[in-house]
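Please go over the structures that come below.
Next come two complexes built around subunit A: one with subunit B, the other with subunit C.
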Partner chain A sequence: MLAYVIRRLLLMIPTLIGITFLVFMLFALSPGGIGAALRFSGGGGQSGQDARAQQAYLEDRYGLDDPAAVQYVRWLARISPIKFGNRDQRDPAGTIIRPPKPLKEPSLIGVLYGSRDQLVKPSPVVPAQLDDAPDQRNSAYRNAASNYQNERLDFIAAETDLRLALSTWGTTQGIRKVLNAKSKLDPSKLRGLKLPELVDGAVPITNVPQAIRDQGTAATSAYIDASRNVVQAYERAIAVHNEAQKARDHLANVYAGKPYPEVGFPIIPGALSVGPPDFGTSFSRSQPVLALIRTALPVTLLLNMIAVPLIYLIAIPSGILAATRAGSWFDVCSGAFYVALWSVPVVWAGTLLIGFVANERSGLGWFPVAGLHSPEADAMPFLPVWGQTNGFLLDTMLHICLPVACLVYAGFAVLSKQTRAAMLDNFNADYVRTAKAKGVSHKDVVMKHVFRNSLLPVITMFAAVFPAMLAGSVVVEKIFSVPGMGKLVLDGINLRDRELLLANTLMIATVNLLALLLADILYALADPRVTYD
Partner chain B sequence: MANTATTPSTTSKAPTPKPIMRVDDLAVSFDNGRGPRIQAVDGVRMSVYPRQTLAVVGESGCGKSVTAMSSMQLVPRPPGRFDRGRILWTGSGGEVDLLTLNDRQMREIRGNDIAMIFQEPMTSLNPVYTVGDQILEAILLHQNVTAREAIDIAVQAMDDVGIPNPKARLRAYPHQFSGGMRQRVMIAMALACQPKLLLADEPTTALDVTIQAQILELLRELQQTRDMAVMLITHNLGVVAENADVVCVMYAGRVVEYANVFELFSNPMHPYTRGLFASIPKMRTRRDRLVTITEVTENPKEFEKLPGASEGVRPWWPWHTPPKDLKAAPGPAGDYFLQEVKPNHWVGVWRTAAVHDHESRAPDLTYRIVDDPEKIALRPKAEHLAQSVGGD
Partner chain C sequence: MQNTFGLKDFVLLVLVSIVGVIAVLGMQQSDRVWNKMEQARKESESLLTTAIQIRGEMEQLRSQQREALRDAVRDELTVIDSKIDAAMAAAATSGAAVSTGGPTSTAGASWARPGYPVTYPEPERWVSDPRKDADFNQGGELFEIFEAQMPKISPFLYSDVYGRRIVEGAVCECLGAYDAETLKLRGALAEAWQYDPNGMWLRVKIHDRARFSDGRPVTAEDVRWTFHDFVFNPELETERFRSTLNVIDHVEVLSEKVCEFHFVDPMFTNLREAVRMPILPKHFYEQFTPTQLNQSTGLLMGSGPYRLENLDVESQWAPPQDLVLVRNENYWREPPPYHRQRYKTIDNYAAILTSLENGTGDIGRGTPEQFREKSRDKGFTDDFHALQWANMRSGFSFIAWNCGERNGKLTPFADKRVRQAMAHLLDCNRIRRDFYYGLGQICTGPFPVGSPQNSTDIVPLEYSVEKARQLLTEAGWIDRNGDGIVENERGDRFTFEYVHGSGSTISPKIGNYLRDQCALVGVECVPKPIDWAIFQTTLNQRDFDCITMQWSQSNPESDPYQLWHSKSIENQGDNFSQWANPEADRLIELGRRTLDFEQRMAVWHQLQQVIYDDQPYTFILNAPWIRFINKRVGNVHPYPIGIDKTEMFPMP
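After this line comes the complex of A and B, so read on.
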């Protein structure tokens, strides 16, 4: 049994990788791509150039300018508890600090500009000697980091200029759309072209390709201007790049001096370590994903911990009763009633409940319309005070009544029908006849012999119901504005928040797989014929 | 040689023993949706005496199981219904009609006075409880003992039926036993409360021949040591020859022949019984195909061999149109009656003019092979008997 459980747990790893990969790729291929909200909503009030630079900076910071597959692998490396290379460090605020990424070269420098000689190469890392005082170490790292950040911002601005210049230059050559919609350079189009050689900072007419000279003077001078701009943009980009490279090297040295405590436990120092998974920071909310889940999950759990037992406590006894009185009015009526409930769409039911039960003006006004607490809930005592206040507990309970009702009502049908069918199957079993022949009373035959054998489908249902409720209350949470997991997932999808979505996917998939495993273990407990050895 | 086994019981018995259970004109029918009710059993009479084995023989659907289940009220009602008749049980509190008992009274009898074992040992035990739990359940229901004493009784019961290492096996689940062992568990469960009558509904049909022989031997042994009557339902004539004292042959819900085992095997009178015997393959005779029962029952001559045939006594047979001189008695099942055609040998006949006012006593045989020193020696050869008798 233990070996089986361990094997199942290990098998979860490739399954989870598969699930998250699939979700991530679908996400990356959807219109707008990863981090769409982040990239296209920023830059309010900035000039186009600044906005673009800002966007490019954020892309660079979150790695959004990398291909989707690279982003996925990087995410995987971050959440993996087994880490390769040097250990990460954690700053006093709890943020994971990683060594600076390598600086990118100016676009197409090797293809168009001819040589990389003027670029400063990254220097080998020499760990900086840092002060022992934590404050000093912290400020040393902060200074180096903000310095590098400024330099990199300059570089990204220069890079943006360079791309514009290249775009213009490409247009003079008759190439439309050198830049695509996301102002990404399309190198395949510029490949094969050569920048003219500058003579004393100017482009001699002899360096203009014959085809452009043939088009007339306007085209020729546009080409000459554009070419000069490109060359100048390259020169500036190289200058800024070199500054940034120096700042990066300095930051890398400071980082190598270990300004902060390292994370995890080393296995092979400098190569392999075990550390906690890092779920990253949500783009859209600028908060660690784990913190977001930590506030949302208890809400959903609260709803489901009430809803799921409620479903089971009502559906199973009524299924048993329906089976023992198969064909009676109770059997027929309860079956029809549950199926009718099951057929009501939750969107409609939720809206009706809000309109007729919760609304104070047109309905009964029995329950609050939305949210999890009243605005003044924080000031309330925990328990109600008669005639004065509902108290925090009762206030919360009143708020979750309607969401729980929406989660519960559709669940009766399947579970009670399953129970009923399984019980009826077992009523005709030979061992039931044996039990009767022993003189066992009808009640004991039903509860001891038949019900125990009818447990398997009920367990299967649990494995299906529980994870679905954890993720599937999206609609209910949206209708009632409950800040739970469903809402978090939905926001993650709407805002194309890579970290949030992947973390949620991972969590829900894990809960699903664990529920399946739990169901399998319960099978073995319920039915001694089931073993996993 | 048989004296040692018979002496104590004969001395303890009253001189004229009463049957422990008597089935009197039992009729059971089942609801058939929109069609007419299906008459599963119609006018069945039989009786079982203490320590006697009554074998009820017949093909599937002839009503033998329904008769047994009726005596425990295990026939599901509805769709089943007891149309008429009585099943008289002679217990410690005198004679009662089992069909009239309420659920609580019936539960007192089930598993306690009358126990039943079934055909399918594979499915007759509850798969999710240990065999110990299931045996203990029966003991604790009927006997006023503590759990610890009940365990001792269960261990003893399992030991009695030859389950090795019974104490440890109490904690085993049914699926951990082989088919034969499971049937032993069923028997241990049935016998744990020392029932006076055991209804064995085809107890060996699902088992292979070796195990079958072991189980039957075990049943015989337990019957002798426990002073218990057995109603053995089977369609295997070899089993009948080896085990039965009295045989009741049933067809289409009625008794067609009733006699002690030696009388029946040496002198079968109803064509159906003869057909049954004819269909058994015989050793050392070469035949391309077996004789079928219908070959015998479709031969009109077979129906004219009954004593009194010349006066118009005809064996009852549902596939025949009733004889012209039928003088059916008023009331249900009046066209048929169980005639004692010779002393202690009954055959189901049409109530023709020749016998229309004839009243013969209900089938009632106290015969037991163990009381018959001449015949008991034959028992080891009983199987051979099943093969040598019959045919033509």
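After this line comes the complex of A and C, so read on.
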């Protein structure tokens, strides 16, 4: 059994990697791609160029401009508890500090303009000798980091300008869509073109291709302007790149001097270590993903911890009852009633509940409408005081009544029908007839023989229900303004938020796999015929 | 031996679990008590520090009193003198307009640049003074329901309109503020300013009395720090604001209360961007690391009428809690009547309305359908204000016609006559009546309704199918083969796609209406909903024939360059209808560099006429703001700027 469990647990690792990879690639390939929401919210109120620069900054910060596969591998390395290479460091505020990111080169340098020799190359890392006092070490790092960030942003701005200049330059030569659907420069469109040579900072008319000169003076002067802009943009981009490269080298040296304590536990120093997984920061909310899950998960758990047992407590006894009295009025009515409930859409039911049960003017006004607490809840004692206040506990309970009702009502049908069917199967089995013939009491036949043996399908159901408890219900959360996991997951999808989505996928997939494993173990316990040895 | 689980075991299990539950609850309760104590301790501590500060300030004041008084009288005399001078000069030249609002004087105060006029803007005011109301009352809590969860309210780091309402509307102050009624600029933290007639610098004198909610004075260094070390700190995620504030080159501190903004280019937006930047307390924000600030959700402190109670990194406000603001008792001007403001999020409109009706909440938004139903309900209107009005921020909806190429081929809308024909086909009154339930205001241009920028002289194109048909015929679109669809000379059928966001409720209705109207003149229109995530991509790629959406403004005067200049076509700019008009380009360039207010407005009015004549967009209407407000809130007035919550008071 133990060997089986360990094997299953180990098998989970490739399965999880497969699941997250699939989700991630589906995401990356969907229209708009990762971070599409950034592009959508980015343009508001700013001119195109500013929005573009803003987008470039954000993409740089969260590494969104790298190829999707690189982004995925980087994510995998961060969440893996086994880390390769040097250990990360952690600052006093709890932020993980990593070595500075490498600097990209200006677009198409060496192809269209100049040569790559003009760029300063990264120099080998020499750990800086830092002061012993932690404050001094930290501030040395802070200064270097801030300086590099400044230079890097200058470079990104220059690079953005360069791409726009190139795009304009391409347009003057009749090339369409130099910027692709994701507003990125498509270098393949510009290959084969040549920048005209400048003489004294201007393009002489003789250097303009004949094809453009044939189009008239307007086209020619547009081409000349665009070419000059490209050259200037290159000059600036190269200058800024070199500054940024120096700042980066300095920062890399300071980082290698270990300004902060290292994270995790070394196994082979400098090569292999064990450290806590880092789920990263959601770029749509700039909050650590774990903090977001930590606020949303308890809400969902609270609702489901009440809703799921409630479903089981009502559906299973009524399933048993329906089976023992198969064909009676109770069987028919309860079956019809549950199926009727199951057919009512949650959206409609929720709105009706709000309108008729929660509304004080046109309805009963029994329950609060939205949220988890009353405004006064903070000032309430925990337990109710008769005639004075509902108390925090009762207040919360009143608030979750309607959402729980919505979560519960549709669940009766499936579970009670399942129980009923399984029970009926067993009622007709030989061993039941034998038990009856032996003179075992009806109660014992039902509970000890039939019900026990009908548990297997119920266990299977549990394996499906348990992970759903964590995922939350989008519709119910939306109707009753409950800030749970469903909304978090949906936001992650809508905003194409890589970290949020991957962390949620990983969590839900893990719980699913664990639930399946648990169900398999429970089978063995419930049914002695099942063994895994 | 048989081991069965009997009744006794069950009772035992239940008892044990009850004991367990009681133990857990007991612990919770003691935790809560402890928290309360901790809170009380912190509060008493902050009271103590305030008291100490007050004592120090009193002493300081006493010593400065005589000197300050003398200075003030002298300054006041200079001001009065200069006002008289200015008035006389104005009378003499009759109509040398004042561009920046408020009286100016050339004889400067001691801090001013000599030889340049000083503007003393009228101070921020309540349009309707609550203290003059017979029922005036103070205290209580104003409870507003928001329809979407704001992820954060930290200044310059928030990303939505709700964050802005909290930061700019309640907790922070800027140097200047818009008048709720006239939309003119008034002084807030700034007592006076000098604006370079060439638009390259702005010198600002901050009010001597202005102070942050912790009692420390607002200084010129705070202004400089906010700009250079907060907004333009590359390690903070303030990009959204950087890209509008980049008209400012740098801020220079001249003395404790005087600073000078230097601009990159002489643009009409300079003054507004400079004085509309919320000023943050340097001494408060300095203590946090960039990561703490980036990840903060509720680190917000300013000099406004309300403040947050808890400004601790560990226990700051975070969604989904209700946001509670308390009145800033240190506020340096007339304090607002409500002692507290509460903001809760309910993200569906039916629940918002029910919540308001149950008395949980004072202010909430509604849909046009709800408004139509509730404004007729006598029982409801007895207890609630049902308000709808178009204002500066409400935004306008439109259909943009692609005047350029789509995938390398000109659309039929490249011809101005075709666009005009479409405008003749759309009966905006009917759209307003049927789809917006008679709410909103039909608009004829992109500028904020009620602002001086918006021209009221434009004659709307009449609804006329006949004229539309005639224009199409002129443009060469005639039914040449008798199949009921018009064709051009090459025999191409006139068929186009109407693109709209898939989440919208009204856009598909307009699409169906457009399709029916087009059918009248033999044009085929195919509505095409697309996902919001690819909306921007569609716009960038110009991959549409016509598209509908809504723009909204946050300033009374918007810069038309971004949407209408032909330069904004290239590189996937925001002129996505690819409309190029040399006259419009000329007017935009002229207007942006015209610093005189009246002259600039005249230019914008001309521009609006050019745009309207050419119909790159067919403007539909300004969507209304709909608010339900409980009548237990007094002094409720809709303004062109929205609503002013600081002048509302609780009815007795």
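Just so we're on the same page, the second predicted complex is superposed on the first by the 486 of 533 C-alpha atoms of A that agree within 3 Å, B and C clash if a C-alpha of one lies under 4 Å from a C-alpha of the other, contacts with A are read in each partner's own complex, and residues count from 1 in each chain.
Quick note on the criterion: a residue touches a chain if its C-beta (ideal position, glycine included) is under 8 Å from a C-beta of that chain, and two chains touch if they have at least 3 such contacts.
Model, not experiment: these values are computed from the prediction.
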Combined model on subunit A where subunit B meets subunit C, clash or fit: fit
First (subunit B), second (subunit C), both or neither touched by A:S167: second
First, second, both or neither for A:P266, with subunit B first and subunit C second: neither
More subunit A residues in contact [subunit B versus subunit C]: C
Which superposed partner A:Y431 touches (first subunit B, second subunit C, both, neither): first
Contacts of A:P122 with subunit B and subunit C, given as first, second, both or neither: neither
Minimum distance between Cα atoms of subunit B and subunit C in the superposition (Å): 5
Residues on subunit C engaged by subunit A in the complex (per definition of touch): 25, 28-29, 32, 141, 143, 149, 151-152, 157, 159, 234-235, 237, 239-240, 242-244, 246, 289, 291-292, 294-295, 297, 318-320, 322, 342, 344-348, 350-352, 354-355, 357-360, 379-380, 408, 531-537, 540-541, 554, 561-562, 568, 570-574
Residue ranges of subunit A touching subunit B (in the complex, touch as defined): 429-431, 433-442, 449, 452-453, 526-529
Complex interface listing, subunit A residues touching subunit C: 30-32, 36-37, 39-41, 43-54, 57-58, 61, 91, 93, 95, 145-146, 149-150, 152-153, 164, 167-168, 171, 176-177, 179, 181-183, 281, 284-288, 291, 295, 351, 354-355, 358-362, 365, 368-371, 374-375, 381-383, 392-393, 478-481, 483, 494, 496
In the complex with subunit A, residue positions of subunit B that touch it: 72, 74, 103, 107-112, 115-116, 118, 120, 123-130, 134, 137-138, 141-142, 173, 175, 186, 189-190
